[in-house]
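Residue numbering begins at 1 within each chain, and the chains themselves are lettered A, B and C in the order written.
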């Protein structure tokens, strides 16, 4: 059952993405930025998906600490890895856009820096997991780290906002040059991204559960 | 009320159950020898009773209190593989440190008393780093007994001890039993352990395979329990 | 009262053990000096350039050198399984944590206070013009560094690659605190007081300290006993 839903969800996500890409390809170039502007249709949904994943990771980690059920630990690692991939898409698309418009790959602008630090925080989470052998201890420690990392996200955002701001301000819904049907496409793309993230998380979750089963079988084999 | 009650305790490493539904009760004044092969779960069980790690399922009660409650921890003395004293501190400083942590009324007097009991009063101001192996072990014994615990948890206490330390420990354990204290010890040295034990618990693959009083024939032939219940 | 007394017993124990061997503090001091020296090759150490980047330079030195002390904090307990004895005693996780954090705090502050005049001499910078402001920043930011470092020292003590993992885990989390400290330190060493916009950084430091002290006190028991 779960598998079927995932297949359907995945197929729907891909269809939706294809449709969106088709629509986006048909849009005229934006007045001041030209074609590169269209990257925003991927850049922003990736960022939002990444943030949703971070919040989901926090929830899963907290649930693990409350219930000590390794199911939640598997969910936390799955959703963190997927979120990291989407944050990565966000960083890369942002960088490509910056190269065309600003003429540079990277600048220490507020949002760029915040996004990079979030990416680093969650990458450290995965590093920590790799360093711990024993599954129960790994689950506990990484849940604690995940909570610490999530607390840091708003602090990082504020501090870096004070530090500097260079990023273009949001442009949807009354924010100036962005037509309504473009916003709709953006929204649909976000939905497609989230669906894709859910499918990827589910696949990763399955792997994680199988891995845990293998580990315990291996322990059992060594023990006797 | 049992001194130590282990109620349906499971411990998992991932999905692998290292302890499965352990149920034990150690009455006040009893001495339980926890035996079993390496990896049977003896140390894991003792560490859970001592409150070092949480059971996956089930619970522990020490005189009716949870093992992490400070009331329960005052009752428990733990002697593990490590000597659990600081190399950079002197013998007296080490004992006074733990005396203060346990909130003893007069940490210095208690420390000096135990240094005398373990034959270390002469070197009380030397750093533990300079101690011989046997002296370190006796200090570890003093540390475990310092706060007059009523429940003693000993993990392989006779392994790696020299003769003098074994003698000190055995004398202290006998005195403790006479004072109505409760002892739980995991051990390979069946002979030394069964001399003291009133109960024997055999762990096999994380399960209790045998739990009962220590009979004279067990003391006479320490291999008996293993032979009868061990290698199933 | 009893809470505070147990905290201080742990602090005193850690400081006494450390001052007997001086392992961590010597390594940390030597490391701080080496980085201070190396920085002089990275840029032209004239007074003006140095002033402009003084905050960043100093806090990188402090964060690196501090990590050496923090790494030792729980590693010290591993030898002879001392951590077991502490956990077995009626000391709560929060008391144990705060006790060790205070000891680390004193040691890291000591390294910083020695590094500062050395920095002043090497780079020919008068750093004392806003002395008390600078001390305030030092006290606040170092507490943040210590709290995060101590809890992650406990977290990493039993795992592979301990020495590498600690900075890997702490520095990304410390970004807001270190950034605030760098901004403020640069301003103060330039001789300006903290006023107007820069008080935001001070508030950031206080918030960071409060939020993470609370979070660690809540979560430390989980880290220590699972």
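As a convention for this text, a contact is a pair of C-beta atoms (placed from the backbone, for glycine too) under 8 Å apart; a residue touches a chain by one contact, two chains touch by 3 or more.
Source: prediction; values computed, not measured.
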{"item": "Chain pair, A-C or A-B, that carries the greater number of C-beta contacts", "value": "A-C"}
{"item": "Chain whose Cα mean lies nearest the overall Cα mean", "value": "C"}
{"item": "Farthest-lying chain, centroid of Cα atoms versus that of chain C", "value": "B"}
{"item": "Separation of chain B from chain C, taking each centre as the mean of its C-alpha atoms, in whole Å", "value": "38"}
{"item": "Chain A and chain C, separation of their C-alpha mean positions in angstrom", "value": "32"}
{"item": "Centre-to-centre distance between chain B and chain A (centres being mean Cα positions), rounded to whole Å", "value": "49"}
{"item": "Multi-chain contact residues (two or more partners), chain B", "value": "54"}
{"item": "Per-residue overlap in chain C, given as positions that touch at least 2 other chains", "value": "226"}
{"item": "Multi-partner residues of chain A (each touching 2 or more other chains)", "value": "136"}
{"item": "Residues on chain A engaged by chain C in the complex (per definition of touch)", "value": "65, 117, 120-121, 124, 127-128, 131-133, 136-137, 140-141, 144-145, 147-149, 151-152, 155-156, 158-160, 162-163"}
{"item": "Chain B - residues contacting chain C, complex", "value": "50-54, 68, 70, 73-74, 76, 78, 80-89, 93, 97-98, 100-103, 127, 143"}
{"item": "Of chain C, residues touching chain B in the complex", "value": "2, 5-6, 9-10, 13, 16-18, 20-21, 79-82, 84-92, 221, 225-226"}
{"item": "List of chain A residues in touch with chain B within their complex", "value": "68, 70, 134-136, 212-213, 215-216, 219-220, 223-224"}
{"item": "Partner chain A, residues of chain C touching it in the complex", "value": "148, 151, 155-156, 158-161, 165, 168-169, 172-173, 175-176, 179-180, 183, 197, 200-201, 204, 207-208, 211-212, 215, 219, 222-223, 226"}
